[in-house]
Structure formats: C-alpha cells, structure tokens
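Remarks on the structure that follows.
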C-alpha cells in the first residue's frame, strides 16, 4: 500500500519516526561511560586532586564492597527478584567473624573469609527457600529477614563493638595489604568478577539464570528449574554479602551492630544505573561495574566538591529516577522501531 | 515410496469429558513434507503433543523407524530427533540467537563444563547460513522480526539433529515474501532427508510444499491423500464435513440504518487502511488468518488500544474513545478472545463478573447496592441459561461454555449498539457453541450490531450477513452474504483475488 | 525435600524467637535482690524503679553508661530499667517513655535523640510524678529537671584546640570531622572550638573545613580522604565523635600519615587503642562513660528521694565520684563532671579493656 | 473440559442470596487474628502487672496508632498487587513541608496542616503518575527511587535541623483526649470506617479488588485502571501526611529523618491483616486487628523492657508467619 494514498485521504497524519533514543540504547554502556568521563573531567576542573593515582586507589577500595554486592544483586534482579536483606546479612557475618577472630587471633584470614561466606550462604539459603519453595514475594521475604538478621546481629554483639585492637594484624590486613602492588580488596573484586564473568557467561547454570528471567514460561518448557535458580541466586547473593561483611569489618577495623544499614539501596541503585532490567532477563557485568563506579565517584566527588551533604540524597534519588525512566524510554523506542520495521 | 520414519497406529487420547484423538493413524516418510489439516479443535495440537511426548496416548502405538516407542517427556522425544516449532515462538528475547538455538543442549566442554561459545556461534552461523539466512548469531533475539525468529526456531530444530520437524502454523504471522523464504528452507530440509509435518490453515502453503495431506476432523482421522489427487473442494468438505447450517439458527433479523463506520484506521505495526461500515441488526463476520491483525483491530475499536490514523463514526458522529469505559458508554462493547485472561475474573462469583462493567448502575453516589446488583446478575444469567446454583458460584468452577455465557452477559448489562465478539466459541464444545450461536442471533434480532471475529469458517458463514476478510493487517475484502463461501473467504485470506466480491483494498 | 526445607525454615524462625525471648529476660532488666538497702522502697514496698534510655541499641558507649547507671542504682537498692530503641530516633524514644510512664517508674534518665521532640512526652512523664533528667546528649530545659553533663563543653572545646595546637606546633591548617550536623553536643563543642581559635595564641591555626561523617564508617572514611586531598597541607584533624575519630585513625594509618597529619578528638579507648599505639593519634580525650552513667544514676536517686530538686546550688554526694553541685545552664540547670580524661600511649593499654 | 450434558440442560433459577455456611463464618483469617490478639492480651497481662488497665490500654493506642493510618491505603495498594515503599519518606517530606510553611513562610498553623496534607497527596500522586505512565516499571522500583528522592528533598529543605515551635494547641493531635478517649483513636476509628466502607461497600472498592485479581479483565470491562491506581496512591500519600501531622504533634517538631523505615511496619501490619501479597484478597477488619496485635505486642513487650533487637526479630517473624502460613495451606492442597 502506498503511503501517498494515506496522505491524500487523511488530513491528520501522524507519521512516527524511528526513535533516536533506541539507537543510543544500543550503546547504553558507552553512554554511561561517557557520562562518567564527563563527570570526572568536571570534578577534576573543580578540584585538581581528584584525578590522582592516590584518589583513584581510594575510590576503588571504597567502591570495592559495593562492586562485589552489585554482582549478586544483578543476578537477583535478573530473575525478577529483589533482596533488601543484604545490609543486615553483611552486618551479621561481619560481627560473627569479628568476634571469632578476636577470640582466636591465630585464625588465618582465609578461614575468616570462608567463615563469612558460609554465614552469608546460610542467610541466603533461608531467603532462597522462602522465595522458591514457599513462593513468598522476594520483597516481603527479604524485608522480614532483614529485620531478623539485623536483630540477630545486635543480639550476637550484645551491644558491643569489636574494635581494631581486638583484631589480629593479619585480619585487618585483608583490606589493607597489597598483592602484586594492588590493594587486596581490589584483587578480591577482580577475582569475584572473573568468577562471575565465567559463571554467568560460560556455564549452563549461569545462562539458565538469564533464561528464567527472560521468559519463565519458555524456561519451564526447556526444562530449567525455576526453583533451583531462585535458590541459587539468593544463596549467591547471601554468600557475597557474607564475604562483604568480612571485608567491611576488616577495612574499617570495627564491627558494629548497625553496620551497613541501608546499604542495599546503594547496591540496587548501582545495578539500575548499570542497566540491569528490573523486569528481568537483562543485565551485564560491564554495566554493573560502570553503575557502581558512578555511585563510587559520586560518593568520592561530592565531598571533594564541597557539595552540601544534605543534597546528596536528593541528587542520588534524581539520578536513579532519571536512569530508570531513561531505560523505559529506550525500551519503548526499540519496540516502536521494531513495529515500524514491520511496515504495516 | 520412501522409507517410513514414523508411523502412528490407531492413536486415541481422551481428556475428562472429551475425546481429543479417536483412532488416528498417520504415516510419515523420509524427505517428505506432510501437511496436517483440520479445523480448530479437530485435534491437531493434541496430535503434535502426542508425537512430541507432551501427552501420552491412551491407546494405539507409535513406531519410529519401524520400532514401537513411548515417550514419557518432551526431552525423550527430542533425543530421538523429533522437534516442534510452535506458532508462538517460545524464545528468550534478552538472550542472543546462538543461545536461543542451543538452550537446553548447549555445547559444553566435557572436562571443564565450560560453554563453548565459539563452537556454538560457528555452528549457529553455519546452520543459519545453510538456511540461507544472514542473521548474526550474536544478535539479541528480541530485536529480530517475527519471520527471523521463526528461522531461528527452525535452526534450533536443526541443531538438535532433528529428523522429524513439526511446524505448527509457521507462516501465520509472516508476510508473503517471508513465507516464500520459509518455503525455500522447508524444501531444502526436505531435500536433505528431513521429514516435516506441516500444519497450516493456508491452502497455499499446502499446495506449495506438501506432497501428502492428512485431514482430521472432530478428533477423527478422515483420510490421507496425495496433494495432487485431491481438489480444493473435496479437501474443504473433508475438513468441514458436516452440513454447515445445521447448528446455526435461522436468520430473522432485519438490517437497519448504518450505526458504525470506520475509515482508514491505522495502527502502526498492526493494521492499516481499515474501512467498513456496520448496520443496525447486522452481523458482520471478520475473519482472516492468525496474525492478520483482527484482535488488534477489535481492541482498537473498543477503545482499549490507541490508533495512529483514521476515524471512527458512531451514528454518523465522529468519535474517539478514550478508554474501554468511554467506548461502552457510547455504545461499543467488546468480548475478548481469551476469556480466562482478559474476559473474566475467575476467582469471583458469577454475579460480580456480570456487573463489573456497569457497577454504577447498582450504586447511588458510589455506594453499591449488592441486592440490586445480584438481582440484575440473576436476571441476565437466567436469560442466557447459565447453568449454576447461585450467582455466587465461582466462575472458575464453570465449564467453558458457561464461562463464555458470563462473558457475553457482561455486555448485556448496559445499553450497547455495537457488540464485538472475538472468537466467542473458542474452546467450547459443540453443544455450547449452538447455545452461543443462538444468543448471537438473538442479539442481532434485538437490534444490536454485531462484529463477529472468528477463524472458524462455518461459524462465520453460518451467522454473518457480510464477511470482512483481513490479511496482513489490511482489510482485503468484504463479501456479501449471497457470495460468501469457504472458497471465496480462503481465497481472500490467502491473497488470491477471485471474482465475486468487492475489492476494498489492494494487497501489497 | 520441600517439606524438609520448610521444616528447616520454620524451626530456624522458632529458634530465633526463642533465643530472642530468653535473651530479653536476662539482659532487659536487672532486679536487685539485695535486701540490705530495703529502706529505699516506695510506699507499696516495691524497690524504686529508675529507667535509663540511651540513643540506640548496640552502641558500646551507651552500654558502658548503662553499666555505670545500673551500678549506682544497685548501690541505692533500687531497680534499674535499661532501654534503647533499635534506631536512633526521637519517635522510638517517645514510645519507650510512654511504656515507662505506664510502668510507673520513679525516674527517667535519658540521652536524647532530639533536644526538642521529646518535650511533650517528657512533660507527660513529669506531670505524672516521674523525675526526668538528661545526660550525655541534653534535651531542652523545659523537658527535664536537670542535666548531667559529662564535661564542661567549654573545656572540651578548649582542650581539643590546645591539643591540636601542641601536636602541630601551633601552625597550619586544621579541619573538624563531626557526626551529623544536628548533633547538639558536637555543635556546641565546635562552637567553643571556634571561640577558642579567636584567641591570639592560635593565630597560626586555620580551620579550613567542618566535615560531617554522619557517624557512619564509610562516609567518615570518604570525608576524611576528601579532606586530605582537598587540603594537601592539612596538619591536623579534630574529630569530636567516636565513630569519626576511629575512621580518621584508620585512614591516616592506612596512608602512613602518622606524624604528618595529627589526629585528636573524643574517642573510645578500645576503638582508638591501635591508633594511639601507632602514633597516628598522639593523645585524645574522653570522659568515662561508666562514671557519667554512675553520676546520672545517683542524681536520679537523689531527685526521687527529694534530697535535691534540681535547683541551682543543690549539693549531693554521688558515690565514688564525689560531691556534685547543680549549676546554671541557660534556662535550666546541670551537673558538671569535670574535665575530660586524657588517653595517651602511657595509659591506653589499661583502658582499652575497660571501654 | 466441558461435558456434553450441557446441550440438554434444563432451565433453572439461580439463587441470588449468599448461602451462609460454616466455612464462610468460621474458616476465616480474621478469627485466627482475633485468637492471636487475645493471646497477646493474655500474655501481656501475665507478663506485666501494668498492662491490663484502662489507662494503659488507652494510652498505648496513642503510641502505636500514628503509622496505622497508612496501613489502609497500603492494603488497597497490596490488594492491587503492588507495593509502596516510599510512605516513610512521604511522612518526612510532608511534615517538613508543614514546618516550613509555618516557620519560614509564616502561614497560620491551620494552613500549614493543609500544606502538609497537600504535599503528602502530591507525593502519592507523583508515585501514581509514574506507575501508571510507565506500567513496565514495577511499583517497587518506582517507589524505591521516590523514597530516596522524597527524603532527599526533605534534607535539602531542613538540612538535618529540627523545625518546630508549633502553637500549643497543635499538641492536641498527638496528646489530646476527647471525653477521656485519645483524639488519635477517634480519628483512627473514623478513618478505618471510611476506608472499610470504601473498600467493601462502594464501586471504587470493588474495582480495586477487580484490578488485583486481573487488571486486564478489569481494563477490558471498562474499569479505569489508571485512574483507580492514581487515586489509591494519592490516598496513600494523603494518609502518610495524616501520620505526619500526628507524629509532628507528638514530637512538637519535625526533622528530615523522622518515620524512617515506617514502610516495613506498615507492610507487615497489612500482610498480617490477611491482605494477600498476590493481590485480590483481604478485608480491612483484618488489618485493624493486625494493627492492634502489633501495637499491643510491641507495647506489652516494652512494658517488660524487652530489648529492641528482640522486638525486631519478633516483628520480622510475625510478618513471615503471616505470608508463609497461607502458602503452606496452598502447598498441601496441591
């Protein structure tokens, strides 16, 4: 059918154009990278100490824990879930491990890390069980467990903090030591990302996580067990939170009951900024790294720029809202372009 | 005569209350494209599900390469080289093409369990190239067109080394050019020795591809013919079988003035250039192949979806419906195709379902009068002979036919002029069908204008005063009652221009 | 498998609740079985009940104050009720105050999360005959009888400036790392620091920034790092908050800045032990929270007994902390506990085990 | 599957009155709640001698009722299969708005209260706008973003300072009695009845249930889904503002960090009240009982001075209990 005919018969004719946003969408990560670079240049112009090796190292180490947790959160979000309990899990594992090493100073750091991961895995298993076997909505299950784990942390701590002098040198050293000239926190992040990269991209189970999130019905037909995947992602998330608990306590050389309260919001924000789709199925490690780095830069740069601390929350909220809305617009644009391509 | 790869002997499958397959036999040869035809509900999908191991036959046997075999799940059938490509692609939009092809049988390194991406990409590329397609295997599935997705589905079947591929209406959503591409691929596979079971409503597909055709009707095996030996007419008789008029009520309604008119309606990506008019007391059949854009058009007419160009007139007045409520208040009501998903609230009782569209009528200033409400529901439900104990019976406990009556009842609580019925008899048995036909006819007698959307030829022919045929998002023909026949409808739906109808719009 | 998992989840839940309850019974209240002080009983023959509310739970500083408070109450033969909400908010403290009013306690001592927001609740308590006093973090004069001040704010401000001046040789840039900007205590101390800096002898000191770490570890670390980068010539940091000073100590230790950037302020000996021993923080100050709680406990007891009324000039003997005098404080009155205690390399080893 | 008998069915009359069976009367979630409530009362009475008297029971309501206003619109939202986690921040922002109107712009207190309600309603409206405009975004994510945003705005306005000095009479909201009954209790009863009638006796409530069960059917049946959602979210914002008024009155001032994590308590109370998180189900009477269960439980355990961390665990466990118990019943069925 010729468009000429429509034109001649219709006075009102809304011709839809291909969405430009969608084209940008294909280079989303590049866009985010460009945004980050621009932000860095802007900050550098205001404060010349920003782009120094020292500051970059500081920023990396400060963002390390966020980066680790973001991997787990990405997997949870990919399966269309959410986990609000990670701050509490982190605190619980950190507190228990700190108490243990203060009583057993000869504990090897590796044992401490494994212990933290173990505690986290148990916490995650409980949530995974609630979500997969009992079908409790992730938000409700994790809200409830957040309360419970946080309460348990206070209880275990008995109102005390574990201070740096109670921690053996080698435990505090987990976060400050260097491996091949690189801060070991950063090394752990790199290891986590390499493992995650392999797991997500190169194992069957890893791909099944995406399959479940992308199309749960098809996944069932193909024989992918949704329950197994749910159990897995919340357990992995718990394990990473447990690991982060040890790193947190080691980095700040102090374990408190209220450690990392509300940290889950930053992690979720990093994932959303990194382009992880809340509707499930989509999310890339490269995006998550950039998203976490953006939050890390904001945390690092806002004090450097003398931005009033009271604006920080507001700025954070605006950026997150803008990012998720942009995401939707891009998706809509893609769909519209697909429709246009059908030429009906 | 080629080598027989698969043979089904006297297969019977019953579900509670319904016999889905009754003593059906089927023979498939190597390198053969075998068409399977029949009306909706003839048992084709059950037939496929038995072959692919989703359902287990109650009686009869399946022979594969001459040996009897039973499948207890789809994976076993897959392992034996049987693959099915469904009408609605079952893919993962966020994953890339290669993964979609290999999901469930990824190539992994035997030692490290690592996914061998390179090998998979290469093989995917190879398969796609062998199908003559230039799709990049690394592309995301969601960005492909429907036709490309179909090709990926075929590639998926090939990747499992399938010897038998079942294609369930693969061309339903494709344009002519895209279908041509698909034919080419099917022929290529055939030449390589793959046996293909091809299910389609398009006669064109069958003539173009198949060498044999097996017809099912009402769960029964009717016959198997060589395509060259059977005429179009005889084939249709084999498919439809019965006297078309027998279950349809006598038309008594008189057609009055024009009530509803649509001009050049267009929704980008779904349909375009839709123009027709509808008169008081008239039943306008709307038919076409699956994916022709009928449902989208109906939803637009009922104010559910927005349109991009064109005009809708009601009683000569230009109208633009803001939402379904607005359309209903102005006099256009819609009965959706999927009554369970979009027609009813299954967890609710009969009464609440019936009164949902017109809650305001049983309320004063927003306060519901439940007594008035249930009395009204009772009145309408009884009028439609709904079979239940009370108006509080849950809809989920009713049979399909009764559920459909509740859906229709919802439209009768308010003053409508135009009623759009989208596949009103889908999934209901023959008895309930007759009851619904009677209701539709009565509606027309009472002066409603009805648009009846249906894929079932006899239904459209038996009830409609005129039949509009859609193809590929366009209204290609409106056929008057005296010229309506299966042939004229099929011809229009499949794109052959036949004499005897007013050409509304030219095909692309 | 399904049933087993469910069983596991349910039993885990059940156990956690059980654990919670037993825990609650052991640490929530402490009944004094001591009968020798039987004369301190109210008309019904029940021991007098003195309640203490800290800002939030899980804070060792608060725990130590509670410990001192409990000690004082026990000495008087009364019963101590120790409470803290799970979050440091005023609305949570109001809930606790209501519950204490219902329990008909005889006194409430609290460290307020907000100077003004507790006023209506505390007024209600006073109206029903409960003696109300604040300690550590004061509530406004209208909502208390008196305030037990851990140390003279002027002295706290003065000694910290003195300390930093001495550490950096009286010359150079300094910065303050505080808690949240609405923290009454910190703001008051910083005010006195700024007054002190106006003096001629501190002409060489330049206060470049007051940063707020919100008493969060990660934020305090970021803020400290930002201070170091923004002001490369920074010579000293004063952190009058326990979380802030520990975070700053960690940063300076990790960056090997001991001797280059001096750190002082108010910190817990246990938290700061490592940094005092490694020289990052030559010395710092704090009062003994146990003593603060102890003195507050005695004040509460004396108020209930009617020995004092909270008027200026009242005098009483506060157990081992000696004689205390009620003095003026703006619109209200307060009790001063003297200058803060100095912790340095010489004494930190013995104190780090205490609190 | 259908049966062939239908073809020859006989015309029969339908019952238009709801049959009253034992199942309808006794096998209801609310009875379990009543049982728990009685259990809580008995336990509290046994644990604390101060619990069981009129003054104590009466004054306890003043302690826990403030956040309960939000439970009702939250129940509506959860019945619609959605969730709003920004309500705590909305409380903070609307109370900050009120304090600013009174202290900075010098409006009379009455007008400042109106400002508070308007700000709250606008916050809710904005949530509703985003959720209906972008249906592909889940309500969790939208309200998560606005939760940070609203509190962020509150911080920008007040910069962590308290703002108060409200007139004397304003304290009446949180502390006043009318004929010996706490004012907040009277307002609560009024609002509970209003919401109960709205949900169970009006066309609007019926539509809320319809959307929760099946939003596509509802849309096709002419229910204006977007409008309904918009109204419900606005109501949630408005009730958060009502909470803000009472909370500010009780504290005599406000700060940007008030009502932190209120959403958890609110969601817990709604879920405990039998509002199904899967949508479509729930009765408001259940939430009312749940509010009193949680309130008196917290209050009673407070009276025996249980540490707050134990309370956290108890509330978390109670929430899990509420969502898990019906699931176990379902599992056993299947």
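So that you can tell them apart, the chains are marked A, B, C and D in the order they are listed, and the count of residues begins at 1 in each.
Here is the rule we use: a contact is a pair of C-beta atoms (placed from the backbone, for glycine too) under 8 Å apart; a residue touches a chain by one contact, two chains touch by 3 or more.
Keep in mind that this is a model prediction, so the values were computed, not measured.
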For subunit B and subunit C, the touch-path distance in steps comes out at 2
At minimum, the number of touching-chain hops separating subunit B from subunit D is 1
With centres defined as the mean of Cα atoms, the chain at greatest distance from subunit B is chain C
CA centroids of subunit A and subunit D: separation to the nearest Å works out as 30
Chain centres from averaged Cα atoms put subunit C and subunit D apart, in whole Å, by 36
So, in whole Å, the Cα centroid of subunit A is separated from that of subunit B by 43
In subunit C, the residues touching two or more other chains are 2, 6, 9, 13, 16, 20, 23, 27, 57-58, 86, 181
Subunit D residues touching 2+ other chains are 159-160, 307-313, 317, 320, 324, 328, 331
So the complete set of touching chain pairs is A-B, A-C, A-D, B-D, C-D
In their shared complex, subunit C is touched by residues of subunit A numbered 47, 49-50, 52, 54-55, 58, 62, 126, 129-130, 133-134, 148, 150-155, 157-161, 163-166, 176, 248, 252-254, 256-260, 299-300, 303-304, 306, 309
In the complex, the residues of subunit A that touch subunit B are 1, 5-6, 9-10, 12-14, 16, 198, 201-204, 207, 210-211, 213-215, 217-219, 221-224, 277, 281-282, 334, 336, 338-342, 344
So, in the complex, the side of subunit D touching subunit B is made of residues 1-4, 6-9, 11-19, 201-204, 206-207, 210, 213-214, 216-224, 280
Contacts from subunit B onto subunit A in the complex sit at residues 74-75, 90-95, 99, 103-104, 106, 108, 113-115, 117, 142-143, 145-146, 264, 266, 268-273, 293, 308-310, 472-474, 505-506, 508
As the complex stands, subunit C meets subunit A at residues 2, 5-6, 8-9, 12-13, 16, 19-20, 23, 27, 56-60, 62-63, 86, 181, 209, 211-212, 214, 217-219, 221-223, 225-227, 229-230, 232, 246-247, 249-250, 254, 268, 270-271, 273-275, 277, 352
